[in-house]
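Heads up, the next two complexes both have chain A, just with different partners, chain B and then chain C.
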Partner chain A sequence: MNDQITVKQAGSLCAISMLALKLVTLPSILYQQAKTSGLISAFCLFLIDFFGLFLILKLKQKFPNMSLYELLCKAIGKIFAKAIYIILYFFLLLKLIFIINEAVSYTQSIVDEEFTNIMFLMCFLPVISAVAHSGLKSTARTCEVGFIFVIFGFIVCLFLSETTTSFMKLSSIFESSPLKILSSSFSTSIWFFDFLFLLIIMDKIKVEKNLIKRIFNLIIFVFIILFIFYIIYFRLFRNTAFLHKNAIADVTQYNRNIGNVGNIDIISILVYLFIIYFQGAIYMSCLRICFEKIIGEINPTWAIIFADIILVILQYFIFYNLEITINFYMAYFKFVWPFLWLMLLLLFFMKGENKNDRKNKSHIKS
Partner chain B sequence: MIGRIKAILKASSKSLMFTYFMIIMIVLLPNALVMPSQSFKSQIITAIGIDGTTNDIEMSVLALSNISKNNMNESTKVISGKGSTVANAVFSIERQVGRSLKMGHVGYIVLSKSLTNDDITKILNNLIITTKLPDTISLVICEDSAKSVLDSASKLEQTSSYKFREMIQNEYNEDFAQETSLDAFLKGYYSPNASSSLGYVSLTKNELLGVEADNSSGEEQNPDSSENSKGNTNSQNSSGQNNVLEYSNRQSVFKNGKFRYILSNEETEGLNFIVENNLQKLITINDINSQGLIDGKITFDVISEKLTVSTSINNNKPQILYNIALKLKVMEVISKNENKIAEDRLVIDDEISNKINQYVKQKISMLITKIKQEKTDIANIYNYFESENYSKLMSFLNTLQDKDDYLSYVQVKVNVRSKLSTN
Partner chain C sequence: MIEIENIKKQLNNNPDISVRELNVSNKNISLVFLKSTIDKMLFVQSVLSPILSHKGEISFDILQKQILSVIDVEKINKNYVENIIKNKVLIFIEGEEGALSIDMELLPARQPNEPPTSPTIQGPREGFTESIKTNLALLRKQCQSKHLVIKNYFVGALTHTQISVVYIDNIADKKIVKSIIDKIKKINTDGIVDSHYLIEYLSKRPNGLFEQFGTNEKPDIVTAKMLEGRVAIFVDGTPIVLTVPYVFIEDLQNSNDYYTNSHYATFVRYIRSFGLILATIVPGLYASFRLYHYKIVPLKYIITINATTQNLPFTPIIELLFILILFQILYEVSLRLPRYLGLATSIVGALVLGDTGVQAGLISPPGIIIIALSLISMYTIPTQAPQLTILRFVFLIIGGTLGLLGIVGGIIYFVNYLNTLNEYNTPYLAPYAPRIKDDLKDALHRKPMGEMKQRPKSIPNNDEIRGIEKNNE
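And now, the complex of A and B:
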């Protein structure tokens, strides 16, 4: 119970997860897939994500003190519950690898072209492992405080790009056919599904009043900012979007006026790096929890070291660059998400806790 | 003492992060200590010039040389290399200097006009991929050899406070320089009409125009400049005579990446009235016979321009309307009579207003005629229709045999309103 987080902290974790994978390559790929209609593809995926988040939060309200593991054990038995946890473990691991690859590619383009995967892992893994080792509560508190600076920096980046002197109006967002929009949504779905981690930590969120409303207020706010960012990106780059694979850096750099006052790309670099460090810590915490459920009671240090080793092996030998990672994910991820949705819906339609259970277990804050 | 160190190590060993830090230091520090300085391995490049043809590339770069000087000007050298591809040309230069080229500080690229008979995006795309150049850098076309332009730019920078980069870059110089970036070019190239424009620079002997680039001003000669006649790494002007850099706001226009024509000064003026930019504009009208002037000539400075564009397509007849509101300031008044009106007392009466309208419409008309004739939509007319009347535009384009010829069907209307600035 000491490792419990508040609703506000859970909201911050969701908001950071929503940003982490969407600021670098996604806008470019959306434009390549469906031109300006890529905005509709993104909008649809956001809606699906929000629906998923709604289901998870409803599930939390329905089973306030039960963990996902307990729910799965109740629904399908212990062995299948562990099997699902193994799938979730690898799902989070692959998401983390995707984030790392995007970050390495970003760092190579913006900071140092000789930067390697191993150099990044040497800087990244110890920090996220240390944060995850200190517990979910510490991770959530760090993210809660950091989120304020991150969102402020992100808004500054938007203002920097908006002062650009001339760019054409956005062309019709119905440029591509509905089939193309659908196909674009389908193949870019790996950049979404960000709230799934919440399932793993659902028992650690304190039950407070207006749980859904408070989290959604924050998420909608971040969604609006993110969508404005996409509109700016599409308006600025249009036909040359395929050249601009580091969206957050390019949108800020594109400003003609800042060239005269010196280099302030540092704002977008800091915003992005903070986001991925926070996101890495969130996923590492979830990996630790998953590992503990799969193996049983174990020292958290070993759970984290195991995740680090698997991560380094996959990163170094299989997903060693962004192109390979994106091709793999775009080809295979579309087969994974129907399964995840099925699991979520199955849990949602499970029978709720009875009154006696609730009386014994709940610690609802009035 | 040893006991105290042991105690510190024992206490520190309990911290996982400290242990990790120590391992990293032990593994990386010895290697880092014996590594040569980055400046021995890398050569910073500030500009690129490309001559030759798309299959036989002659690349020149402006390389920053780190020597101690008693002034603040950059010391640069022109270094050249050749190759059948961009990568080969870059490698040829790297082999000569024995360092890898670092392109992060490249401010501009100069392309020789001889390259532009082919699609120059082949070279540009290779350049972006090979050298990882940012696409916001400036790109200009030169009449002569790009190497000569770099050589003159290098001399100019060493002997004066002027920088060629600042002269051409819109971000330094948004009042006077047209946007001529790689990104702007590629945006036009990948647009439906595949038309784009770039700045145009030439080296002349005409002393009345341009900026003198050699050392004849008598300023201090940089030690680098005296070594400019040896081997491939020199900055000798290829013709040996041209020494004046002329960069006007005239634009070279491209279609499908190939050079088509250069806009005249009048056409460029017309273009500046119908695209959104902050460039300074002057309007000069003649034969004014009001307010006491006899055959008067008035020059106005356009303090600000508010441009609103609306489009419509009725019965497959596309029409674009430019509403231009100008705020003017009187700069100069010339009259045949001696008692001419003072500049600050002049008002815009009907005659002056009509003449201004006529002036602006004439320039725009010249531009529109040219771009219709050449099917080069450098005024982004397609984009205006696309954003306001997308479905009608698509059905209109479907009625055309040659979709690229849509400009010739567009009816252009211009409304000009002008008033004097109160400031």
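And now, the complex of A and C:
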């Protein structure tokens, strides 16, 4: 297949997706919901996400050459498969809108206060659309090369952040009751579920050795860095954490002066902007693939234009600011994710692809 | 002879056609050649004198085997005109069919000097010339292998330019060689004057911003590239030799890197890549910081910059565009003017326009510093100078209108564009995208030669391991 990506590239896509929604508002929302115990909520959600990723990768190993669409057709028929693809399409679209809203809010408060929604979309949409239009292979390669700089920049941000105060006592993370932690996990689940896009591109990942191990190595590495970032954030802001809604920028604004230069928070801004562009491109590629499955063979340009139009309409008329978006998502998303888990488990327990199936499939492809 | 009259007619009776009529042993012999392109000394010594001093019977057979036995002589029965155009001397004997063709070519050519585009500090200084024969000889000198393959093609309905496809048989990928040869065979044009003409015929994306062909002027570089599995394409009349496949990282590499300490080579490569960033995005970043994101710039810098820019009549983007266009005009002028006038333009550019512009308050010193920094940095990678010039303008406009968000978007767009380039099955950004671990030994980081035991995997080749000769027979 011409549009196949390597395991490393798939790992980079997952790592970027893991970072995209967790660097700005999430830490302050976690604090609002469960004080410093928000760290436990985040940890639980990460574990659930990792389990989801594990299931998806196992599914890939079980059905190495089959796409999600083929699997769904086999399990529940073509019509229901299309219906699930429509749900996935809107799930990704809403996630993308969430990312855009967070990014707009971040840009307005940190980069340029006169930046409007439309100006942001004018910068953002053409780039992610062009990247998605070029195909998954080049998108994955771009993310692969960009990920190195992004993660390096993120680590630099952590080093630059204030680390002179004493390390937070572990006991202070049990401030809230288990029920509060559980409810906080429920309400913030929209910030998670980052690996679901992998389902849509699972047939495009090359079958290579140690698939699960290699992806998980990268993901756990990013998880550790992200968790260190959360610990630094909670330790830095403590009781005022709920006020700091641009976590990555606020953490680096309290950095030391390096070489008498002054604050180098430009690094955190660049890291975040790169991440949201990459994430936007990944989701746009998946939206394109979803649309092609729902409608049938179609010119990718039309699939992308359609996604752009829907996105602009939703973003401009319904989710026009971050507060509305967060309230909506926190209220309704908790009803969506059990359905997504159900689908994932259903697919996982399907009967594996046997050798004859594989042979027939490769014969048809050739 | 009717044949000779025909030849003269076909060659438009040009004044440089020479016909020498001789009578040896009562037989008329005619020698036809272009007097402007043959080695006259060799002609007299090796052809004319032996024929004139011969006593006895004369025929093509005797000429070939006895009189002219020390030089290469070929018997031909057709294509007389084509042979003369290729600077050969034709010998006709009255009453005998056909002619003898002797290669006596001597074209004006310069000596292999150090090329201006790739000077070396410590390393071979010989460079290619405009003569394909000299160039192939220089290559042979560097690469004395029985596996070296040279395939000649003549392209151009009017110029009949010789193109040589050169590769090492047991290393180069056969599919790539075939693809190049097929494309060369399909070229239908009046003439190929330079190897850059070929790029547009051999490229998948002739309109692309980035060319996926290496241009080299030194035999040591071409040999090193062929040893990695690349194919070299020589074109007669130009010292520029093309190599394919080509990856972006080659722009950051230089032959000097291999003639010096590997640590220093690595350091210099990082400096070059930093130069690439400075050359492309610094003017755009400066414009975006001054226009939109002054909060990001540390306070001390803001104060310094403001002190010199507060009375400027133009916005930063207009100011920088003005300086950039001015530089581009000066650059074009300096390329085309004779050298003694070039000095005058430099004075006008630097003193009159630069210094006076600052004193008059039309342009600011930080603006000039930013543009100068960007322009100087561009020449850390001279092969990419045209592309970087365009990108600099693009990023300046993006940065001045959309700010930092636009610049980041622009970077991602162009990196993605580079990732779509896959000429001759070679990803342009390899070994970084896709990441090929083994090839990182000679990417930005250069390891010692002894550790590079494998050929680059990003360049398709038939033999992965260096140094072991395989028997292909």
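Everything that follows uses one rule, which is that the second predicted complex is superposed on the first by the 342 of 366 C-alpha atoms of A that agree within 3 Å, B and C clash if a C-alpha of one lies under 4 Å from a C-alpha of the other, contacts with A are read in each partner's own complex, and residues count from 1 in each chain.
Here, a contact is a pair of C-beta atoms (placed from the backbone, for glycine too) under 8 Å apart; a residue touches a chain by one contact, two chains touch by 3 or more.
Model, not experiment: these values are computed from the prediction.
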- Thinking of the overlay built on chain A, is A:Phe174 touched by chain B (first), by chain C (second), by both, or by neither? first
- Message: With both complexes superposed on chain A, which partner does A:Ala130 reach: first (chain B), second (chain C), both or neither?
- Response: both
- Message: Applying the document's definition of touch, where does A:Ile309 land relative to chain B and chain C: first, second, both, or neither?
- Response: neither
- Item | Which superposed partner A:Ser109 touches (first chain B, second chain C, both, neither) | first
- Check the residue A:Leu243 against both partner chains and state whether it touches chain B (first), chain C (second), both, or neither. first
- In the superposed arrangement, which partner chain does A:Val145 touch: chain B (first), chain C (second), both, or neither? second
- Query: More residues of chain A are touched by which partner: chain B or chain C?
  - Reply: C
- Message: Going by the contact rule set out at the top, does A:Phe120 touch chain B (first), chain C (second), both, or neither?
- Response: second
- Task: Could you list which residues of chain A make contact with chain B in one structure and with chain C in the other?
- Result: 122, 126, 130
- Note on the structure: Counting only contacts in the complex, chain A reaches chain B at residues 109, 113, 122, 126, 130, 133, 165-166, 168-172, 174-175, 237-240, 243-244, 253-254, 256-257, 259-260, 301
- Message: Show me the residue ranges of chain A that touch chain C in the complex, using the header's touch definition.
- Response: 6, 8-9, 107, 111-112, 114-115, 119-120, 122-124, 126-127, 130-131, 134-135, 137-139, 141-142, 144-146, 148, 261-263, 265-266, 269-270, 273-274, 277-278, 281
- Item | Interface residues, chain B side, partner chain A - complex | 16-17, 20, 24, 128, 132, 134-136, 169-172, 174, 179, 183, 186-187, 190-191, 275-278, 380, 383-384, 386-388, 390-391
- Query: Which of the residues in chain C come into contact with chain A in the complex?
  - Reply: 292-293, 296, 298-301, 402-406, 408-410, 412-413, 415-417, 419-420, 427, 429, 432-435
